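A quick write-up on the structure given underneath.
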Amino acid sequence: MERPKVDIAILQPLVALTLMMLAMTILSENFATQDNLFNVARQISVNLCISIGMTMVILTGGIDLSVGSILAFTGAIAAGLLKNGIEWEGANLYIGFTILGATVAALASGALMGWFNGWMITRFKVPPFVATLGMLTIARGATMLYTKGFPITQLGDNFNYLGTGWFLGMPMPVWISLAVIAISAFFMRKTRTGRHIYAIGGNERAALLSGVDVKRVKVFVYTIAGVLSGVAGLLVTARLDSAQPNAGLGYELDSIAAVVIGGTSLSGGNGSIMGTVIGAVIIGVLNNGLVLMNVSPFWQQVIKGSVILLAVIIDRSQRKD
Amino acid sequence: MNMKTLLPLLLMFASMMLFVSCNSGRTTDKARVAVVISTLNNPWFVVLADAAKKRAEELGYDAVVFDSQNNPSKETEHFDNIITSNYKAILFNPTDAKGSVANVKAAKEAGIPVFCMDREIDVKDLAVSQILSDNYSGCVLLGQDFVKRLKGKGTYVELLGIVGDNNTWNRSRGFHSVVDTYPDLKMVAQQSGEFDRNKAMEVMESMLQAHPGINAVFCGNDAMAMGAYQAVLAAGKADKILIYGFDGAADVVDAIRDGKIVATGMQFPKTMAKTAAEYADRHIKGERDFQQKVPVAVELVTKENVDKYVSYGKAE
Amino acid sequence: MSASKKYILLPVLLMVIAAGVWSSVYFEPLDTRKDKERIESFNPREMVDYFWKHKLDEVLETAIDLSLFDSLLKASPAILMEQHGKSVGVTSRRSFLVKGFARSVGSGVENIPATLPGGFVRYSLLMKNVFGNAARNATDFFHVDDFENTMDFNAVATELNSLILQEVIAHKLDSIPHGVSLRFFGAVEVNSEEIQAEMEIVPLRLEITP
């Protein structure tokens, strides 16, 4: 199996990013300050976690629309278990959860939902778009049921440290997303399963015939996407000191945008984690810069959409060469 | 990378830079005040935002409006940007009484005074002052009128607002604190119309099917009251069912005058916004003695006194 | 993986998992937890009870005589509002503490008219369900800035009203025969923009005069 060529493909998004940051620095005096750049880095961290999971899913030729809802559910589980635990009236027992317990439970629930996506897709051959669309609604409904429609707040400074704390001069969310990037980049390049993911996206039939356990790998990527949505859910909840029932609405779109701008093809097989990272940074910088320049929110939407389209058009024209 | 791919990229960025620099808000030398509103999707809040912006500009500031889209994450992003961008004060309409506390705390730590409008945050002494609408007391007045007009007996349904919104429950509780003490007044159904006219109409239609003989409906806001009215009218029961709303919107004030809706609780978004802007101005100029909470009374508007009111305020 | 390695790895793994579970959850009896929650939450009933038992007397001493109140209302309402009126926030309503006399008209009535011949306004004592903020605001004892949450402040009004119903109104409703002379202390709310022709006084104390 060939090692996928990644280095040249990310040069283009990198140049785009550099140009954009240059433009922002010129157009707004507040952009290139340390405070603002840390803000941007913190804001990007949520989308980054989701987008990395999304990259792996898209590389296998699939898609995951449920990431936003899973983010909300895991955030609610973490907050709910931490604050209210589980009350078992029959045994007069209150089961309290520590931060470790609540975090693990949240990530586990994200994994479970992701696994369910993968199961639907491999066992019942439900198209990924449909399966994850179903999970989008189910997870959102589950979040509403668990929270009864109300946010869960006041989670304590120790938990909130995950989202608001600083460590060695950088915000915690930045450290967490750096860790996620490092682990996933290593995973994709150096492990067998990583290569399998590319192979499945490139040509699923060929991969199957050469002995790749396609079903297992697919279930794996969707589960990982669920876990990473869980990490994002924890980051959001800790940052706000509040688990909101409508958290994560629309986040799937920003993450797909990051993946696409970063050079990963939606049909699978081509792309890279690092490309997605640059894509996410581009979107974050764009969002931040436009707000700093006080561009109307309506124009912001138009600009963002145009950037995504342009990125895809340029990418397509490149491939034809 | 060759020129063929570099050129479109350069063109794209050049054009974007040009476009954006033409459209970006021109900054002047005036001090800036941020107006953060929970959502601009609801006309009531648009009135709040516009009144705050207008008053701030009258007092000599540049006012920038931020839309939190009912999303505390978005609100946090706005606060992040505001704190790094040298604003002198924040006129704030929180998305959530508990969820928005972290943001006000961050602003306070950065030295930017926050003035809450219409809704409060659940912690004292973080915002400089909170100018609120007393929803609970307003609905106590509504409840008393409700009981009087129904003469203490009958059946009714309730259309709640968005379940996760504190105001939904403040209003419902105020209403029930009066009406529940009359055992002959029975609530036969309670559903959420999500503060939305269309949704309220659909829900009301279903409720009318299940309970055709009700005497009244209490709606958590005016949009829902208008939706309920449509449903009641379509069912031919407009003269048999009393409809109550809350807010003081233009169409309901007119509807009260025409006898279609019985009453509403008039809120005063313009007063709250003006007061917040004025407090901010005084604080910037050095004054420090402010009431922590300033409830603005909600007034009962019925056919008998409707001529004293216009949409969202008193008639001049 | 060799067999011996497995024998070491498995128990270690189990211990790590056990340690993980141990530091993830903790147990408590449910009723202890519920009690803790109750103690920490705001209790309006306690606050109102405390006021009623310990502070009501001194507050009632500040009440204005009804006839004085009435004549000021007629002659110079603005001064009356400013000097004696209590209000919270931005509103046209003002609350006052008044005292005066009334004559009962039999048991089980909803109002007892106050004795004020030739008054500018007709006053009566409310003898049924009490709603609203008149009593709470008139005492000038509860201040909105002292509460974390405006709903807590409103809960105080609700509790005070139910206490008044229980201690003052319900007590007297059936036990006062016709024609008996009464002395009252009460709270009244006035609309400063449009003074009402009839006002209901929420009784805070009712005594039968000899």
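We just call them A, B and C in the order they show up, numbering each chain from 1.
We take it that a residue touches a chain if its C-beta (ideal position, glycine included) is under 8 Å from a C-beta of that chain, and two chains touch if they have at least 3 such contacts.
Predicted model, so just to flag it, every value in this text is computed and none were measured.
**Student:** Which pair, A-C or B-C, has more C-beta contacts?
**Tutor:** Result of the comparison of A-C and B-C: B-C.
**Student:** Report the most central chain, judged by the distance from each chain's C-alpha mean to the global C-alpha mean.
**Tutor:** Checking distances from each chain centre to the full centroid gives B.
**Student:** Suppose each chain is reduced to the average of its Cα coordinates; what separation in Å results between chain A and chain B?
**Tutor:** Each chain's C-alpha centroid was found; their separation is 33 Å.
**Student:** So, what's the distance in Å between the C-alpha centres of chain C and chain A?
**Tutor:** Their C-alpha centroids are separated by 51 Å.
**Student:** Return the distance between the CA-based centres of chain B and chain C, expressed in whole Å.
**Tutor:** 27
**Student:** What are the residues of chain B that contact at least two other chains?
**Tutor:** Residue numbers touching two or more other chains: none in chain B.
**Student:** Which stretch or stretches of chain C touch chain A in the complex?
**Tutor:** Against chain A, the touching part of chain C is residues 20, 23-33.
**Student:** Taking the complex as given, what residues does chain A use to touch chain B?
**Tutor:** Against chain B, chain A makes touches at 8, 11-12, 15-16, 19-20, 23, 26-28, 30, 33, 35-36, 39, 42-43, 147-151, 153-154, 160, 164, 236, 239-242, 244-247, 249, 287-288, 290-297, 299, 303, 307, 310, 314, 317-318, 321.
**Student:** Looking at the complex, which residues from chain A come into contact with chain C?
**Tutor:** It is residues 87-89, 92-98, 100-101, 104-105 of chain A that touch chain C.
**Student:** For chain B, which residues are in contact with chain C within the complex?
**Tutor:** These residues of chain B touch chain C: 97, 120, 122-124, 131-132, 134, 136-137, 140-141, 143-144, 170, 173-174, 177-178, 181, 268, 271, 275, 291-297, 299.
**Student:** Touching chain B in the complex: which residues of chain C?
**Tutor:** By the definition above, chain C touches chain B via 88-93, 129, 131-133, 144-145, 147-151, 154, 157-158.
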